[in-house]
Structure formats: C-alpha cells, structure tokens
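Next, two complexes with chain A in common: one pairs it with chain B, the other with chain C.
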Partner chain A sequence: MNDSLRYILRRVAEFVVSMAALAFVIFSLLYIAPGDPARSLVGTKHVTPELLAQIRAKYGLDDPFFVQFGNWISGALHGDFGESIRAGQPVLDYIAPHAAVTFQLVLLSLVLSVVFGVFFGIVSAKGRGKLRDSAINTVALVGTSAPSFAVGLFFLYVFALKCGWFPIYGIGDGGALDQLWHLALPAIALTFAVSALLVKITRSAMLLETEKDYSVFLRARAIAPLRITMAQLKNASAPVLTSTGLVLANLFGGTVLVESVFSIPGLGNLLASSVTFHDVPVVQFIALMLAFIVCFASAVVDIAVYLIDPTSRQRRRLYREVEATG
Partner chain B sequence: MSGALSLSVRGLRVRIGAAEILKGIDFSLDEPICVGVVGESGSGKTMFARSLMGLLPPGAVPSGAYEVGGAPFALDAKERDWRRVRGSEIGLVLQDPFTALDPLTKCGKQILLGAAAKGAVAAEAAVAAELAVASGTARGAEGNTPFRLDEALAEVGLPASVAGRYPFELSGGQRQRVVIAASLATQPRLLIADEATTALDVVTQREILDLLETLRVGRGMPLILITHDIGLIRERTDRVLVLKDGAVVEAGDTREVTTRPQSEYTKLLLEADRRIDDAAGSAAMGSDNAAGGRMPPLQDPVGATAFGRPLLRAEGLSKRFGAITALDDVSIEIHAGECVGVVGESGSGKTTLARCIVGLEQPDAGHIAFHGETPPQIVFQDPYSSLNPAHTVRYALEEALRAPGGGLPTAHAPTDDAAAGGWPALRLSAGQACRPPSAQGDPASTEGTASLRELLRLAELPEELLDRRPAKLSGGQRQRVAIARALATDPDLIVCDESVSALDVFTQNQILATIARLRRERGLAVLFITHDLSVVRALADRIYVMHDARVVEEGPVRQIFEAPGDPYTKILLASMTHGASQEPER
Partner chain C sequence: MRRLAAQDSVGAASLRLSAGQACRPWNGMPVSIRICTCVLIVIAAFVIAPGLFAPGALEQDALLGAVPPGTAGHPLGTDSLGRDVLKLLIAGSRSAMVGPCVIAVGSIVIGILLGGIAGWYGGAADWIISRYADITLSMPTLLLAIVAAGIIGGGYWVSVLVMVILYSPFDIRIVRSAVIAQKGKPYIESALILRLSTLRILARHIFPNIALVIFVNLFLNIAYGLVSMSSLSYLGLGVAPGDADWGRQLSDGRSILFDNPASALCAGAFIVVTAVCVNAVGNWLTERNALG
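Then we have the complex of A and B:
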C-alpha cells in the first residue's frame, strides 16, 4: 500500500508540473498573438492615444512579460482570472452558465461513448470475422472520418427537422428534462464522432485477452460466457481507460463545432467568439480550464489503471516473480 | 464421486486451411488409468487434447466419431453445447501456470467460479464466499453448499490462506496447484494435463506429478498426460500414444512400448532421453561418451586446468529487491573458454546473477571484473518473446551487427565448410573484431552480407530463414537466431539463461550441440544458468549450485555429481525426475 501512495503522489506531482507548463504555454501564445486587446476594449468609441494608454495601464498591458504572467498566475491561484474585456464582468461569473451547459453536453457524450464504445467493441471482438464485426467497424470508421459538424447537420435535418423528434436549436427553457432533450442530439453527434476510438481499442484489447491461456482455461471449466467476458474486460481495462481519457479531450474539442451547429450557448461558442473579439482573459481561462480537465482526467485514469492491477499495488513482490520465472 | 468417464474417438482429424494437423487418431479410455500422449513440439498432441474439449483455435476444423460417457458428441459442436462436456466431464490443466490464471482475480474466487458453473454452489454463494475471501477468512460459502474452498485447497496441498492471494503472489508450483483445484472444482470425471509440469523445476515437477497421481487414484478419475518427455511417460503412465506429425506411430502398454519400441521414431525418442538418464546416473557412469549414440559428445574432456586466464571474476555480489534477497555475497569466476553452469531451483537467485553479469541489473554490493574485449552477451529463456515479432531475422541480425562492436570479421571467413571436417578457428584480435560502426555502413554491402552469412553458419541457421519473422520460426530456430544475435559482437562470453528450458528434448540436444561446437571452435566461454541438471551435466566444466540467494557448492561437474558435499545439492540430485536407479532393466 505504501507503494501505491508513492505512485499516486508521483502522478499528482507530474500533474502539477504539466499544468504549470501548460499555463505558461497558454499565456505566452496569447501574448504573442496578433491584435491589441486595448483596441478591442475601446470598441467603437473614438480612439485617442490617451485613452489607449489609460486602458493599457489599467489592465497592466505595458508590464514586462514575466510580470504579467506572474500577476495572472497569482490571481488564478486565488480564483481571480481577471475581467472579461467584452462583458466587463469577472471571468468566472461570465463563463459559469456557458460552462455548465458544455459540461452537461460533454458528460452526456462521455457516458454514451463509453457505454456504446465498449459494448460494440466487445460485440465486435466476440463476433470476430462475422457480419456484425465488419458492420460495427464500418459504422465506426464512418463516424471517425465524417466531421462532427456534418454529422450534426445530418442529424439535425433527419431527426429534428424531418422527424421532429428533437428540438432544432438551443437548450430549452430551463427544465432539467427539457435541457436533456435539447442536448440529446448534439451529444449523439459528438458520441458518433469520438466513440470509434473506443470501439477499436476495446475490440483489439478484448481479442488479445481472448487468446490468452486464462481465457482458454475459463472456457475449459464451462464458466458462463458473461463471466468470462467480464474477466476479460477487467484485464483489458488499461487500454480502454487510457483511451477514455483521450476521448474526453476529443469531446471538448468537438464541442466547438457541434455547439455552433446546434446554437448551444456553451463554452465552444464562447471560445470562438472570444477569440474573434480578442477577449484575452476569457480565452486564457477557457484554455486553462480545458487543459486542467484533460490533465486531471489523464492522471485519474493512470491511477485507476495502477490500482486495478494487483501486481502494481504490491510491486515489490513482483521481483520474486521475476526471479521465479527467469 | 462420479465414476470414470468413458471416452472414445475414432478417426480424429483436424484441419487448418489446407493443412491437416491431425491425421486420423483412434483413442479410447474407460478406466481410471494414466494414459500418456508423447511427441515432440508440433506433433499435434496439444491439438489432440484441445479437440476433445472443443477448445481448438479459430479456423481449426475437427472431424471424426466422438463419444463421451457412452453418448455420441459432435466434434464441431457449438460453444454452448461444448459446455456440457467441459468442466463437468473433462477437466484441463494447461502447461503454463503463469498464464493459466486470471491475473486480476484472487485464487479463491477463480476456484469458486468453476464450482458455481457446476452448480455445486449457487452464484450468490460464490459471491458471498468471494467476500469472505476478500476479508481474508477464506471459509467458502456457508451452510447448504457442498463445496468448501478450504477443502478444495487442502486436496491439492495448499493452505486456506491461498484463497485470498492473487496468482502473482504464488510460486509456479503453487499456481499449478491452484489450476488443478480450479479444474477439480467442476467435478470432472477425466483430467487432461497438457504439459502441466514442463514449465516447473524438477523438484516441483515431481510434486505436481505425485499430486495428479494421488487425485487419479483417490477420485478414480482417468488422467491423460500430454508431454514431450518420454522419461515422464515411462515413469508415470500405464498406456501410451506416440504421436508424430499428427499421426499415431505407436500405441500400447507403456512398459511394452518403452522396452520394445516398434517404430524408429519411438526408438529415437527413447535414445534422446538417455542423455538425461546418463546425467542422472552419477556414480555408475563410466564415460561421458556414453551419452546417446546420435548425439555428438557434448562435453569436451578438458579439466579446469586447461582453461586460460580468468575472464570474469565477480566477488561478493549482493542484490535485494525490497524485502527479498536475490543475491547474498555471491562470488563466481569464469575462465576464458570455460563453460560454467549455475544450477538451482526457481527463486534461488540465478537469473539475477546472470542479469548482473551482463549489466542488466546493478548489484547493491560487490564488484565484477571482466577482462574480455567485448561485453558478455545474453541468450534468454523464452525464444518466443526475446525477438521482436515485427522484424525479420535479417533485420534482427543486421541490427546486432551494426551495434557498437558488432560485426564479425569476414576476412578470414573459411571457404571450406563443415563438410571438409573442421571449422577453422575464428578468434581474432580486438582491432579486427571491433570495427567502428561507420565502417559497417550499408548492410547490403558484400561485407555486411558476409558477416550475416557467417552468423547464420555459426548458429546453424539455413539462409532461407533470413526474411522470415519470428512467428514463422520454430522454437529451436528462434533460439538459434537469439544465439546468432548474441554472437554478432564476437563476445568472449555468452550467458545462457535457461536458454533451452522452453524447448523439447530433441531441439534441446541440437542447441546444446551447437553451443558445444561454438565453444570448441571459437574458444567461447559460456555461463549456463539452468534448473535442469542434465543440461549442465552435458555441457559444463564447473558448476555453482545456488540455493536461497547463496552459492552452496562449487566444483568440477564430476565432483558435484559423484560426491556432492552440500545437503542441498544431494536433494537436487535425488529429485532429478528419472534416476537411473529407477530403471534397473537395461
């Protein structure tokens, strides 16, 4: 158990280091990006050099690079991410409602992706070489290669416009069920685009387990097929979990396009318009938040994979085995 | 207990694509005896076992008339129908106890799964017992269930605490006992052991075979013993089936077949096995050259004094892995051209010693002085995993030749070959042997190709294998590729870590002969790590015996075998599976 704790601490330390590096990269990229935020702040008002200088002073835009970076980081650590240039509100308050919508969309898609991806991956592996195997693979391939906005438009046309099963745009009038109903179609479009990865990975991981001796031995004892599948799935969980982390990152990327197709006021839409508007604090915050989520998910996945494997939990005893097998 | 299962199959054939793997085998069994199925690797003996349980690999198509328990059963039945035969009628014990168990599930639960499948415990009871296992009490399901986990474990000679362990926490022998307990949990009326002891050391091998025999007699359960080891057949079985290339070459009463073999192939098998008997029959041995007519004399009759300068001297090596001591003050010396054997059971520290010597592991204490020109090379145990499956033989060897110090000198490559009688000595100076990598250049250059040819010749590999990948090679051929790769840097010392243990007796003999020849011709020193005493007996000049991380005895081969000083060495010698004393007739 001691070793597990050490591993978890090390993985958390890695997480902190990569977050620091990402924060620096995000900040410097926006710093060197073309466009003057001060000018955007002025908006359509008459621009005078005095006004510009005043604004630059207020937002600290003339400070040296590292001072600006330091200010931003220390603010961020205290929960202060500055004010939105466009809205004049604190970034957190401004973003919160958008973020809530996107998180629901991503969470819904993630659950759907994992459930369908793993399920069809298993079905495909169990029916290797059969019709259902190639059918699943073909659909998965179409899902990966078709751009998510095209799939979104197609779904919108067929299921919302023609069939009328789903609303066409927006997030509804506030009721939880209504919102779920509004998010269903975009979530399915997102799922369709990203779950192919999970299908493929689950399929090949399960095939690998099927060929292993323990699977043959389970079959030789007439163990129930479902039990065998569960044992194989547990053994195959490392690659499946790791790719789930990747899927999460892809989902956030996918929201940008899907949200604009379905007119959902989420982070993706906000990010796109904030970039156009040079709303630097908002862009910085969204980028940092996405980086945080992806890094955090990957750390959680790594720790989960580590804990599932009893050999890594008691790493020391493994050396006995190394010696014994050798 | 349910009685012995009657089983018969007539004209059993298995095809994979156009190839016929089994060519019409007749077999029947209806009393609780032990039947052996023997043959070298590739003879179809595993396919035979698997086809009786419907566990053939995908693409294999069986045919023939099969009867289980008196009722006909279709050999090409669906998975669902096979579940009637598997477990409750026929149990299977696989070769490798390291892979046969689910690594992520505690042993107790794995045993209970079979009992639940049989219905001896309800599925819920299995889950309840699983909780008991998790809390370490390992009492099995309470009350109304006839199956008790602690009894199942006791039957195979394991303490109840094993139920709460993961497979990786157990030794090879313990795992094989768990596998047997898991097979028995489904209450089979016949047990098939497919090379069930091959991966184990001799002491454990004997224990597991004894256990299987006890179970067979106690349960009145016939046993089919599948093996490549005819010595084991002779010692343990009542009837035998000799397989070659998917066909039965000889069948009958074991004593009859082993004492008066009718087929040439059986004679060959028995002859190859004599090497092992010779090695075991220590004091009675007259000459080393009695080691089997077809075999080249494996051991050069040179005394330790004939060897030159010390090539490697390791002193006071210690290595710990956490709480486990792998090496404890181990000293070892190897002279130029010498073959030194290190023997011991699994877990005795011999692999760690090998890894320290080739620099794969850093000892915690002690030092290693090496006086050779190029660093020692290693040949691992498992030819199936030590080669990159994606690369051809050519690639693997060229890569080794391009490595710093790689490249055999070809200037003196002989034009006469084995047919002419000798192989000219190829020892070369350091300058010739270690050309700068840049000179190696294009592997397709004539020089590179010549080096490659030379490697093939040394390892006795036919040139047409060059463009194959490991999957298309036999175990012996793969091990030869590994040897060729080790020779690419023209080393003074190669370390063979159980390099022949995974091979059948035939192939073993051939590889050992190659190693002996390389020693003669190139003055190569060999450090041979093995649990198989017959191998060191055949090959080594001196032996170190390791036990619990220490060297307990060291000396010339003859001395160790004829007058072992340490009590542990005596146990090791006594536990060799087929002692000559057990074979008084001829």
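Then we have the complex of A and C:
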C-alpha cells in the first residue's frame, strides 16, 4: 500500500508539474507573440493613444510578465478565462457549443477506435503469420503513417462526393440523429488514423499472452477458443488501457485537422481560426483545456493500471517505447 | 572501413569487399521494402533537383483555371491558378521533406547531447534531464505546434524549430537508455582503466555502438516530421500562400474538389505514400537489426 500511495503521489505530482509547465509555455508563447494585444483588442477601428492606454490599463497589459501570468492563472483557477476578442463574450460561453461538437466527435472516434483496434489486434494475433495478419498489419502501417486530414479528404471524396452516402460538410441542423450522421465520416477518418496504434499494441500484448504457460494449458484442456481469447484479453488489457491516454492525445490532435476538412464547427476549427485572428484568450483556453484533458486522462489511466496490476510497471515502460517508436 | 583501407597491401581486395557490403542490404530486402526504397530515392531526387524534373512549376495560367486530369499538356490537370498539378507535386517535395529531415537531425542532435550526458553521468544531471523529457513527452505535440507556429508566425523555420524542441525528448530517452546499456560493458571498463578522456570514450567507443539505434530512430522521425509539418502547412501555418507544398496543395485543392479532384487527392497520396515508405523501411531496419 505504501508503494502504491507513493506511486500515486508521484504521478499526481508529475501531472501538476506538467500542467504548470504547459500553462507557462502557453502563456509565454502568447505573451511573446508579435503585435500589440491592445491593438488587436480594438480591431481595425481608428483609436486615440488615450483610448489605447485605457485598454492597456483595463487588461493589465503594462504589468510585468509574472504579474500578468499570476492574474491569468488565478482567474483560470476561478473559472474566469477572460473575454474573446473576436466575439466580445466570455470565453467559456463562446466556446461551449464548439466544445460540445468536438467532444461528441472525439467520443465517437474513441469508442470506434477501441472496438476496431482491439478487435483487429486480436484477429491479427490469432492469425499470426497468415494472410489476414499481414493484411491487417499493412493497413495499420498506412493508418499510423497517414495524417488524419489526408485520410479525411479521401473519405470525403469517395464516400460523400462520389458515393453520396454521407453529407459533405457541417453538422446539419436536424437534431441529434442528423448530427450523428454528419459526424460519422469524420469520426471514421479519425478512427482509421488512431486505431492503428491500438491494433499494434493489442497484437503484441496478445502474442505475449499466447506464449505463456496458462494459454498452452487452456488449449490442452480443450477450452473453447473464445473463452481462451477472453482470458488472454483480460491479462493483456493493461498495455491496451495505458495506450488509451496516447490515443486520446492523438484524437485531440487529429480532430483539429479533420474538423477543418469537413468544415465542422468544433474546437479544432475554432482554434485554427482564432490562431489566425490572434484571439489570444480563446487560443489560451482551448490549448490549456485540451492539454489538461490529455494529461489528466493519461494520469488517471496510469494510476488505474497501477492499482489493477502493480507488476505492470516494467511492461508499461516497454509498451510506452513501442508506442513512441510507432 | 578505415581500418581495412589502412592495410594498403590488400587495398584492392578491401575495395571489392566494401562494394559487396554495399549491395548486401539490397539483396536481403523483401520486395516490398525494395519498392519503398525506390520510391524514396525518386522523392529524394525531386527534393534535390525540383527544377530538373518540373521546370516552371509555379507558372500560372489564370485564363485556363482549374481543369481536370487528362487535359492536353496537364496529365493531372491544373489548380485554380492554372498551375500544373504534377509539376506542383514535384516542386512541393522539397518544402515537404527538407523540414522533416532537419527536424529529425536537430532532435537527434539534442538527444545525443542531453541523452548522452544523462546516461553517462547519471545522478542529478540524469534526474533533471529525465524529468524534463517526461514532462515534454506528455504534451500534445501537434496542438502546441499549431499554437506556437500560428501565434509566433515567422514561417517555415520557426515551425521546424518548434518541432525540433517537441521531438527531442523521445530521442533523449532512446540515447540515454542506449548509453546506459553500453556503460557497464567490459570494453568501457578497459577504456576507463586506460584513462581515456570522457569525450573520447563517448565519441569513439560508445557512439559507434549506438549509432544504428540512432540512425533508425532518425529515419522514423522523418516520417513523423512529414506528417506534422504537412499538418501545419495544411492549416496554412509555416508556408506562404502560393508556395509549392503538399499540405498546402491539399488544402487549396479542397476548394476545387469538383473541378479537379486530382490536385488535393494526389497531394494527399504523395504524403501518405512517402510516410508509409519511410515507416516501412524504418520498421524493416529495426526488425532486421533486432533493435525492437
């Protein structure tokens, strides 16, 4: 117990330090950005120097760097992220509808990725060396190599434009089912790019389990293959679970691009356009929120896996390296 | 090589040997890897001399506009400015590939320096460098790159620099563990007993033994760099409008998907095929040398 507690504390500390570092990086990036923030606050209107000075005072733009950073952090911790420069409304209100769309898209792709990734990983491990194994591996190689926007564009062209099976852009305006229908193709494109990683990890974890004594005994006792597979899958679940954190990170990275391909009004599109518009509070908030989700998910998964299976530390490190080397 | 050449009496023999050695990887390659290698050689030729293969790629023909593939003189049609799509693709390979190569080299250089220090000296230096790598690794790379490249502006090389910083922690880890694996071996002990300088041990004794790991990792990083850089240029960050670049071409071609689908689709195909080839060759090298 003492060990687990120490691990959890260490992981939580790592999370807090990561978030602090990220907040600092994001804030300072936007601080050193060229251009006068007061100017972009008033837009293209003609203003007097007095008005500019007033704006600078209102937003605390003349304060030293660390004072501004401290103000921003304490505001953020109280749920106040400032106002969008472009929309003139509080960042949270402005972002909420976009965030809802993106969360639906990411959740849909996450479910699809886990289902398909684990399924094809098992199929590939069970048919090791056979045609279906190499076929799945080849598709997975394309999946890991292909950027999500290129996959999205192919899908858009083939399935929406040529076959007409899916809508071409936007999220529709006809209720929940229609929106799901509009999100289906982008979600599949994201899934294709992301689930390849899960296929690879499931495959190698399942192969490790297949070689173990208990699998041999189960087979020798003529247990139904499906039950053997379920037993192996249960034991192989730690690395698969661990990689979910990385999958989530890839999904949030990929969604920015896929949303742009399908013109979906989500966080990704908002981030890209806000970056171009220099809408600093919005960019800060989206970047910080997505970073928070990714770091938080990976910390939760790490701790969960540790609690379920404390001997997984060694293996976890191994799989992390598999993930990162692709 | 150098040691063989030093024995000048067998100079001719060693030359023959090295020619044979040069052919050996090719003979041992599966057909699919040979195809991938050929594709990469062609892309490399495009990168080195785009003007030779596609002269006047940026010449516009505004009157022509976007025409579909198969139009006389334009096998893949033209884009909305009337530029030849095939020539643009060839010209775009330089912008698409040079950045990723620089990213891979830059991040491995940081990896060798910091990873070598962490692995060799251990202790406090190792702790600081490892924590730094842990924290940077947990950051969402593409997201930070979009924010950094978009807000700082500064174009292509700023994006490359951001990527170098975000890619390096993984190289640091790889070099660090490779150095630690070598550190305990007898040949290092004997080098220490001989009181060779640390720099000499690291550069002349350890480096040659971990060079293969580093090379393979460098290679795989090029594929990741290609995907990341083309993602940025797809969003319009890093390359100027009108530049020849695969990512840029894909996003420009999206708006003329009805008139000439080849512009966007072929740009996408170039990115995917190149990345697949780099990954396939990299994976093959990893497996062949049992580095996994």
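Operating definition for what follows: the second predicted complex is superposed on the first by the 291 of 326 C-alpha atoms of A that agree within 3 Å, B and C clash if a C-alpha of one lies under 4 Å from a C-alpha of the other, contacts with A are read in each partner's own complex, and residues count from 1 in each chain.
FYI, contacts are C-beta pairs under 8 Å (C-beta built on N, C-alpha and C of every residue); 3 or more make two chains touch, one makes a residue touch a chain.
Fair warning: this is a prediction, and the values are worked out from it, not measured in the lab.
Once the two complexes are laid over each other on the shared chain, residue contacts for A:Phe66 go to neither chain B nor chain C. In the superposition on chain A, contact is made by A:Arg128 with chain B only, not with chain C. More residues of chain A lie in contact with C than with the other chain of the pair chain B and chain C.
Note: residues 322, 324-326 of chain A belong to the chain B contact set and to the chain C contact set alike, using the contact criterion stated above. The part of chain A that touches chain B in the complex is made up of residues 128-129, 212-214, 216-225, 227, 231, 234-235, 308-311, 314, 316-326. If you check the complex, the residues on chain A that touch chain C are 14, 17-18, 21-22, 25-26, 29-30, 32-34, 141-142, 144-147, 149-151, 153-154, 156-157, 161, 249, 252-254, 256-257, 260-261, 271-272, 275-276, 278, 280, 283, 287, 290-291, 294-295, 298, 322, 324-326. Taken in their complex, chain B has these residues touching chain A: 53, 55, 58, 79, 82-84, 86-88, 91-92, 94, 96, 98-105, 113-114, 117-118, 166, 168-169, 171-172, 179, 182-183, 185-186, 321-324, 326, 346-347, 349-352, 354-355, 381, 497-498. On chain C, the positions that touch chain A within their shared complex are 131, 134-135, 137-144, 146-148, 150-153, 170, 217, 220, 223-224, 227, 230-231, 234-237, 250-251, 254, 257-258, 261, 264-265, 268-269, 271-272, 275-276, 278-280, 282-283, 286, 292.
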